[in-house]
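Going by the order they are written in, the chains are A, B, C and D; count residues from 1 in each one.
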Amino acid sequence: MILWAIALFPMSAALISLALRRRSAVLIWIVAGSLVELVLALSAAARVFRAGAVSTLDGHIALDALSALHLCLVAVVSLLSSIYAREYFSHESESSLDDRTAWKFGGLWFAFIGSMVGVLLFNNVGLMWVSMESTTLASTFLICLHRDRPSMEAAWKYLIICSAGIMLGLLGTIFIYGASPLAGESALKWSTLMDSAAQMDPRPARIGFILILIGYGTKVGLAPMHTWLPDAHSQAPTPVSAMFSGVLLNCGFYCITRFVPIVSTAVGDPSWCRHMLLGFGLFSMLVASLFILGQRDLKRLLAYSSVEHMGIVAVGMGMGGGGTFAALYHTINHSVCKSLAFFCAGRTIQERGTRDIEKLSAGRDRVPVWGSGLLVALLALIGCAPFSIFMSEFLIVRAGVEEGQVAAVALFLLAAATVFAGALKPAISLAFGVGKSESRPPAGPVRSAGTAHALVGILSLVLIGLGVWIPAQLQTILHQAAAVIAGN
Amino acid sequence: MSDLPHTCLLLIVLCNFYVLSTGRLANLIRILSVEGVLLSLIPLPAALAGSAHAAILVAGTLAVKGVIMPALLMRALRSIDEPLDSRPIVGAVYSLIPGFFILAAAFVAGLHIPLGDAFDPLIGGVGLATLVTSMLYMVNSRKAISQVIGFFIMENGILILAVGIRHGLPFVIEIAILFDLLLAAMIFGGFIRRMHEVFTHTDTSRMRKLKG
Amino acid sequence: MSGAIIHWAGHLALVLVASPLLFGIISRTKARVAGRTGPPLFQPYFDLIKLFRKGAVYSRTTTGVFRAGPVVAFAAILSSALIVPFHGGRAPLSFQGDLVLFAYFLGLARFFMIVAALDTGSAFEGMGASREASFSCLAEPAVFLSFIALARASGSFSMSEFLSVGLIQAWPSAAGPALVLVVASFVLVLLAENARIPVDDPATHLELTMIHEVMVLDHSGPDFGFLQYAAAAKLLVFGAILVHIVHPVRSAGFLPFLAAMGLGLALVAILIGLIESSMARLRLARVPQYLVAANVLSGFAVLLTLAPHS
Amino acid sequence: MTSVTFRAPWTIPFGEFHLHFDALSAAFLIPIVFLSTLCAVYGVLGVLFALAQHDLKRLLAYHSVENIGIIALGMGAGLLGMSYSSPVAAVLGFAGSLLHVFNHAVFKGLLFLCAGSVQHAAGTRDIEKLGGLLKTMPSTGLSFLTGSAAITGLPPLNGFISEWLIYAALFKLTLMGGAAGGVAILSIVSLALIGTLALACFTKAFGVVFLGEPRVAIPTDSHVISGWMLWPMAMLSLLCLAIGAVPMAAFQFELSAAMQVAGAPVLSGEIDSVMSALSGLTAGIWTLIGLGMIVWILRAALAAARGGAAAAPDRTVTWDCGYAHPTPRMQYTASSFVQPLTSLFQMILRPKVHQRPPVGYFAPGASFESHTPDLAADRIFGPLFTWVTRLSTRVLWIQQGRIQAYLLYLFAALTALLAWHLSRV
């Protein structure tokens, strides 16, 4: 029942917001709506974590620990982004977000959330694919909300590349389906596939996994399919960028992780999938680190760091053993941290009128709250202790050592070190440095609303808190989710 | 009549070649609709045999792929006033030759697709050929609309491969995919029109502001 | 307790009494080889007494460091002498790892002699100090390598043990050849550490060619006496170690052992005298090679002891 | 099964990070050996580069490298002790390195304070321009002397105690033979070399800065050293002496920590043997102090024996070999003091020498100066970073903005992966 509510609420919310004509009303409604969604998601997730998976529509819609974890992430990040969107657009000029655009924004916003929720709720891999494809369609116009050339270009690249990639994902799904001994609707149910995985024909399963890895990997932003990501993240309005980095990539990764246990069982050798994930993860990390090194555009820097962190998650999954746990933990940390980073970057850029890191320095004097938040977020992103991202990366490395993946660990550390070296200087100069050339005459420090303080403060606290102490409940939740991926 | 599917498949191959060779966007859209029709005819025997699902599928595919999608694209095409030919990066001749080799290779590979013994190698070959041709075409094409066409052809190829597996895709999924495509076609069409408003052209190879 | 005090006092007295004699023997030997009568055997004692009774002259440049130098050096050398056994039994200071203390006592002495030399601000002494510091850097590892070889050969790293009991079993064993190498290396180190030919020439007063003598150029009176005494004691200590290595005697009573040790030391002194009268100083540039050779010898000895069969 | 436990506050909820040494002894022995060797090299290199410095603070900084090398050697000894299941060696090594960490904090802090005062007072850190400061700032000089002796590891100061512990661990390992023996011997030799080189370096530093005559007139606006700057130095110097004077207490101070790191229970008998050795060490150190006092008294007595007023020693110039007009500029400089060593190790140090040799009779002027750039900075990190930066600019063409290319990457990745896979089955 509640699953239906979760699944259908965003769609109805989208319709409702289409009924709203005034920009302010829309901006309030998205907050309210995502709050409701969060409440629904949390209650459902609580039940799942307490009493195990729930399902409806004879198992086509289901929620188990893994999807519940991601569902909570989606709900939380979308609520935060909605709150932030209010803050953000209230500083935009009326022209950039007139009532008509706001009207579209509201509808697409909820459609986007809804499609992601669909990805997580559908137990049927075919329907999962369909909703994954619709995330692309829903979010395209969010990227080019302001109809300027760069955002249009970014949106087009996003649309074409992701659609093409997702098509391969469909083909992969078809191969998996063809590999399974059963047929009919129920044969595409994930749980059924899991049960029949042992009787699968390994050859199509392998090819299917490769296709799925490439296909959904495009959505995740694994190199070399990541090319759309920096453009889309940097051109989209910041709340949308936050959603992209915070949860959309996770959803893509969620789809891949769904297939890992199936194929591992079918192939009869878990290391086969892991090695592929390892390869893609490390490659993404290295590529991203090189691009971060010379990056001058703040939002692109954050985008490439998303590529890097998705690579880290992939590496964590590929390490096996405790790596899966660490990877999920890292997913949470990255969502929190990247949302914070994008929030602060967006407002800073708004206030300073430039996104060039060289010109953006001394953020803490000009935009105190957001500047400090940006510093925290960047330090966390490059893996400074005691932030939670350091902790999860440490756990991944540890898992690698315990699994004896010495070469992988070495490459991992190399890439991480490169990122650290490349991004530390921008981080520091952004916060403290002296601006080279101000694109706008320096006005006094910008006064920020209470919401700003709340957002930055809470997210930073979460970052540090998860770094020094991971609650026992969360630990058990993560273990449950990891167990799902491990296939038992 | 039972051989109808194979006929359709062979016709689809010819359509692919035409796609590679022609330069006029309008013809491309027409050929796309033709492909859609041919694709929709494949399950026809099953439908005549009395399977309701198959019948709905035929009707749906015919409607979406054969009529609505091309119509939407055509509308988008009409709305942009610029030379109506897709200037591909590599000319027709030089994309036909690889197209042929792709076909040959696909037919060979089609014999080895590990999807059970029931899998029809002809379907596999045609599907692969369509898939790879579409990839080639997407990479090769400049105009936004021709990239969209490439995308839909790619989708056709995948659906052809799906036909090959034992019982075809489950009905619900087929319908869902169709619906999804409808959505995609609308989005693509709208986007192309907006793109033309903003850029006054739809040549994607000239959109290179975002680098590094 | 009183026994302990007697032990220490006796050991110290032995060192103080015996050490100058070596210089006497050396100079007598050199004189004999040169066909001269030479000074009386006990001339060094007279020199020391004379120095102790003289007053001192200090440069205005110098500070307390200059005065402290000889005192610390002398005290350090005497302390190191307390670690080396001279008579059958253990030395007053003997414990596992005392050889490190021994080496660092010598280092302390060197440190203060160098700073005292630098305190004068004279280019000559600076030069001497520089050479002392540099060459000791090469001599020290050789000493340690020899000690390692001895420790491995004898299975202990307390001087009193491996110099007496340990080596007695070691010589006949497979470690024999290693010990021969150690002896060779140690002779070289002994000559270098005690500023004898071929590394240094205690006789000449061409400052540019000297190391030890030029460092003490400005010292006079009791300070100079302390330095000379320290040099003598150091020679005695090294000689004693050499004798022990070559001929580790089990303590057959106090006097016979003392006699044997005395004889050995006299032989060492004569050997030094012969070397000094038979060969010339090395060019300074060659000294590092000489010390490296010492290192190589003792290192080879260590390798031999590491070899599985031993 | 012995195991080390690194416990940091943030790892509490994640449990403890166990390295199991029964596994280590087999698989991780090579790394340990490699690391110990590397640390030996670091130590020697650090002190060598310190030797070649003219800037007082740079010199001290390079000595930090050296001391970290020593600490790491102790750690290596401890690890070897564990993997060769010789708990006493392990405990000695760990205790030594931990104690050295503490000692290094003490005497290096002291030395840096002194260097700061010197710069404060004389207005420069360039050793070549200093000299004779002991007369103008005696207490700072004395503190620096103490610190130098301590960092050189001379008894009766604290540096010696920790180094002795490490030596003891290493000697215990030498008796074992095998890889442990070899590494231990290497470590001992390098420790000895480090010790003597440090001696050369700090005799240079102290001698040239504080002794002799000022080489350059100290600027008139030189600051005075306030008591507030002197007290901390005095405290630290006393600490150096105190730790050096009571080795057993120092060892006890680190014993429990070392035991925890070593994990293995050490037999009480072994601890007793260590303790007896330490008591011997204490005896030796106090013998030194006692003898020193005795000799000093003796010296005073000899002076007194010559009778009161007459005993006042004559003051004159340093013996100048009959040269008419000696000047402070004739003193031995720091670079000439270490010249034999720097020329001996010039293969490693690669000093940059700018010299203008005297030409002809009555040469109008000649000059010689040398400075030693950092090996790692110049030859490793600089080139590496430039290379990486160039690489990162070179890969930019990947993101060239052409969507067709991006699609090509996508399909190429697919084809490559499929080809790779099919080639393997």
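The rule we apply is simple: a residue touches a chain if its C-beta (ideal position, glycine included) is under 8 Å from a C-beta of that chain, and two chains touch if they have at least 3 such contacts.
Remember, predicted model here, so these are calculated numbers, not experimental data.
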{"item": "Starting at chain A, fewest touch steps before arriving at chain B", "value": "1"}
{"item": "Which two chains share the largest set of C-beta contact pairs", "value": "C-D"}
{"item": "Approximate Å spacing (C-alpha centroids) for the pair chain B, chain D", "value": "72"}
{"item": "Length of the line joining the C-alpha centres of chain A and chain C, rounded to whole Å", "value": "75"}
{"item": "For chain C paired with chain D, centre-to-centre distance based on mean C-alpha positions, whole Å", "value": "28"}
{"item": "Interchain centroid distance [CA atoms averaged], chain B/chain C, Å", "value": "96"}
{"item": "Residues of chain B touching at least two other chains", "value": "135, 138, 147, 204, 207, 209-210, 212"}
{"item": "Where chain A touches two or more other chains at once, by residue number", "value": "156-157, 160, 164, 203, 207, 230, 291, 294"}
{"item": "Residues of chain C whose C-beta touches two or more other chains", "value": "none"}
{"item": "In contact (per the touch rule at the top): chain pairs", "value": "A-B, A-D, B-D, C-D"}
{"item": "Sites on chain B touched by chain D in the complex", "value": "89, 135, 138-142, 147, 204-205, 207-212"}
{"item": "Contact set on chain A toward chain B in their complex", "value": "124, 126-127, 130, 133-134, 137, 140-141, 144, 147-150, 152-157, 159-160, 163-164, 167, 170-171, 174-175, 177-179, 183-185, 187-188, 201, 203-204, 207, 230-231, 234-235, 291, 294-295, 297, 300"}
{"item": "Complex contacts: residues of chain D adjacent to chain A", "value": "9-10, 12-14, 17, 385, 388-389, 391-393, 395-396, 398-399, 403, 405-407, 409-410, 412-414, 417-418, 421, 425"}
{"item": "Chain A - residues contacting chain D, complex", "value": "156-157, 160-161, 164-165, 168, 203, 206-207, 210-211, 213-214, 218, 224-225, 227-228, 230, 276, 287, 290-291, 293-294, 385-386, 391, 395, 398, 418, 421-422, 467-470, 472, 475"}
{"item": "Chain B-facing residues of chain D, complex", "value": "396, 399-404, 407-408, 411"}
